[in-house]
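In the two assemblies presented below, chain A is common to both, partnered first by chain B and then by chain C.
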Partner chain A sequence: MRWKLFATLSETVGDNVLEVSVDAEEPTLRDAFDALLAAHPELESQVLDEEGALQDHLRLLCDGEDPFHSAEGWETDLGDVEELAMFPPVTGG
Partner chain B sequence: MHVLSIVGHSDTGKTTLTERLTDRFSDRGRVGTVKHIDCEPTLDTEGKDTARHRAAGAVQTYGIGDDEWFATGDTSELDLHEALERLGERCDYALVEGYSDLALPTVVLGEYDVDRGEVLARPSHGEEADIEAIVDALEATEPYETLSSLVAKVKRSPDEVYSGAIATFTGRVRAKEGPDDERTEKLEFEKYDEVAEQKMAEIREELEKRDGVYEVRMHHKTGVVEAGEDIVFVVVLAGHRGEAFETVEDGINRLKEIVPLFKKEVTVDEEFWAHEQ
Partner chain C sequence: MALDLDAEQLDRYSRHIIMDDVGPEGQAALLDSSVLVVGAGGLGAPVLQYLAAAGVGHIGIADDDVVELSNLQRQVIHGNDDVGRPKVDSAEEFIAALNPDVDVDTYETRVTQDNAESLIEGYDVIVDASDNFPTRFLLNDACMLADKPLSHGAVYKFEGQATTLTGGPCYRCLFPEAPPEGTIPNCAEAGVLGVLPGTIGAIQATEVIKLILDEGDTLEGRLLAYDAGGMSFDFVPIAPNPECPVCGDQPHIDSVTEGEYAGACTLGD
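This part shows the complex of A and B:
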């Protein structure tokens, strides 16, 4: 699964496009997210809060769409998804 | 407008390549060129009326004939970016010959070092260059937009006859918040390309549905933007000033809210991402 990271997150990893293999047979967003952190544990302190949940200010997108808005959140089936992205609050302009 | 810089030492065929590309791009749109010259221009020669205007102290002089025109002036009156801004109003392509190292898509002829521009091709001589490959590579780059090029575009709208107002917003790099503030030297923008384009298209579509709003254009630069330079433009063509002002404000607010762009600030002493402040 292809992950794209931006700003501080890509600086932490040293790259902004990552290929992360996900073992699950019918992977969900949760599986892909866990696989990303397993492959890049250096992200953990930046991405997870004290309870191990995704920090509030971070956004996730599945092929440009917000899965918590237009799909099943963590349970979103990634069958047809090509690209996942994670980033901090946008700061254009 | 797409802008291409052509660089190389003398006798590497820069002008030959500029001619070949001008000819090729003319099939696709209007082409403007800028040449960096070391010698005095010969057009406005001593004793001509326009030269007398200049000698009397005019900083810029236009000679306009029935078929052609020319302009002359002090170099302090026109830099490359101002020339490109003017070309952007009417041209689809601009070829810039002989500047050494610009932050623009570039063709390098022969052995020559460039740091700032994205190099699209490195032929050994202008005669050898693969024109079609350069055309395709240039079309794939982000166009060079300015406030005037966007204003010119909305004015070409078929609904232009119903429009009594254009409102524009320009966001620029603020060097200081106040007299004691540490100076911001530059900002660096990272963009989630495909998604950013998609979100900007959504905003545009949403705003153009409003009554009395005919055209909306927005452009955001990426990469390094220095203090005092422009970052983002929003341009609205509308029936009346009310909807023009409201839409231009909503346009920039929506852009700042949903378009995946990330800003890093570089001050005299430090570097930080804007969201960490």
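This part shows the complex of A and C:
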């Protein structure tokens, strides 16, 4: 699965586009997210809160769409999805 | 609407007036409009340049900083001799030299919970060209509550974000809360490619002018994410969030004078 990371997230892993294989027969967004963190544990402290949930200020996209609005959230079937993305807000001016 | 453009204005704005999509009516609308620009730094500089050049008749500038030498790598309305002067003064002089049609009001202050409502009152469009999350969330909430269109822009190193907010969905629908303090550095901490705020600020000025002209499709409902490194443009959809505290079904923010905007910008339920 291709992941696209932005701003501080891409800096942390040193690249803004990553290929991360997902070891599941019918992978969901949760599977792909877990695979991303397993491949890049350096992201964990930045993307997970104290309870291990995705930080409130980060957004995930499946092929440019918000899976928590247009699909099944973490359970979104990634069968036809080509690219996932994760965004933080930025604030410089 | 006043269409009494004088001979000099017909010449100055001739490249607008000749276009069907602007014309004398559109130019008159620009001259009749008022825009408040919050921040006269990296983003504010190109916003002010292009709004003033376009003949936006009344421009407000809010900023409490003075010009520093390290600003001049990107803040193109300030010059070497302005170092140490208030940015609002330097910005006002720049605009006066560019276009005498523009009336400028300056506010040498931070936008705060106490002054936000009165600052935005009286302006048609607000531009968030600030550099910190508390001001961004405060402007979002104040503009949503006052039903004022808001142009949002922000930069980080090689990347920029811009969107246009007109009554919902709002910035909080996308990012309900600011990141924990220290998570996302600002320009002073992280650095910024000097030309990047020029690109994002020019996009913000474009959005403001389209709003005033009521022309084209704005960034309402989507966040533009620009990466100058890869020269790529991505769009993040912004869906209305029914649980949004300011524009959702049961909003609990009804004034910006209450709640907490410093630090992580978390607002109590």
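Quick notes
Note that the second predicted complex is superposed on the first by the 89 of 93 C-alpha atoms of A that agree within 3 Å, B and C clash if a C-alpha of one lies under 4 Å from a C-alpha of the other, contacts with A are read in each partner's own complex, and residues count from 1 in each chain.
The rule is short, and it goes like this: a contact is a pair of C-beta atoms (placed from the backbone, for glycine too) under 8 Å apart; a residue touches a chain by one contact, two chains touch by 3 or more.
Every value quoted in this text rests on a predicted model; they were computed, and no experiment measured them.
Looking at the shared chain after the overlay, A:Leu61 reaches both chain B and chain C. By the touch criterion defined above, A:Gln46 lies against chain C but remains apart from chain B after alignment on the C-alpha atoms of chain A. After overlaying the two complexes on the shared chain, residue contacts for A:Phe87 are found with chain B and with chain C alike.
When the two complexes are superposed, the chain touching more residues of chain A, out of chain B and chain C, is C.
According to the touch criterion, the shared surface of chain A, contacted by chain B in one complex and chain C in the other, consists of residues 4, 6-8, 16, 57, 61, 64, 85, 87-93. Of all residues in chain A, only 4, 6-8, 10, 16, 57, 61, 64, 85, 87-93 touch chain B in the complex they form.
Within the complex formed with chain C, the chain A residues making contact are 4, 6-8, 11, 16, 46, 55-57, 59, 61, 64-66, 69-70, 85, 87-93. Only residues 171, 189-190, 192, 194-195, 198, 220, 231-232, 252, 255-264, 273-276 of chain B touch chain A when the two sit together in their complex. Contact residues on chain C toward chain A in their complex (touch as defined above): 39, 41-44, 129-133, 136, 153-157, 159-161, 174-179, 183-187, 190, 192, 197, 225, 227, 229-230, 234-237, 239.
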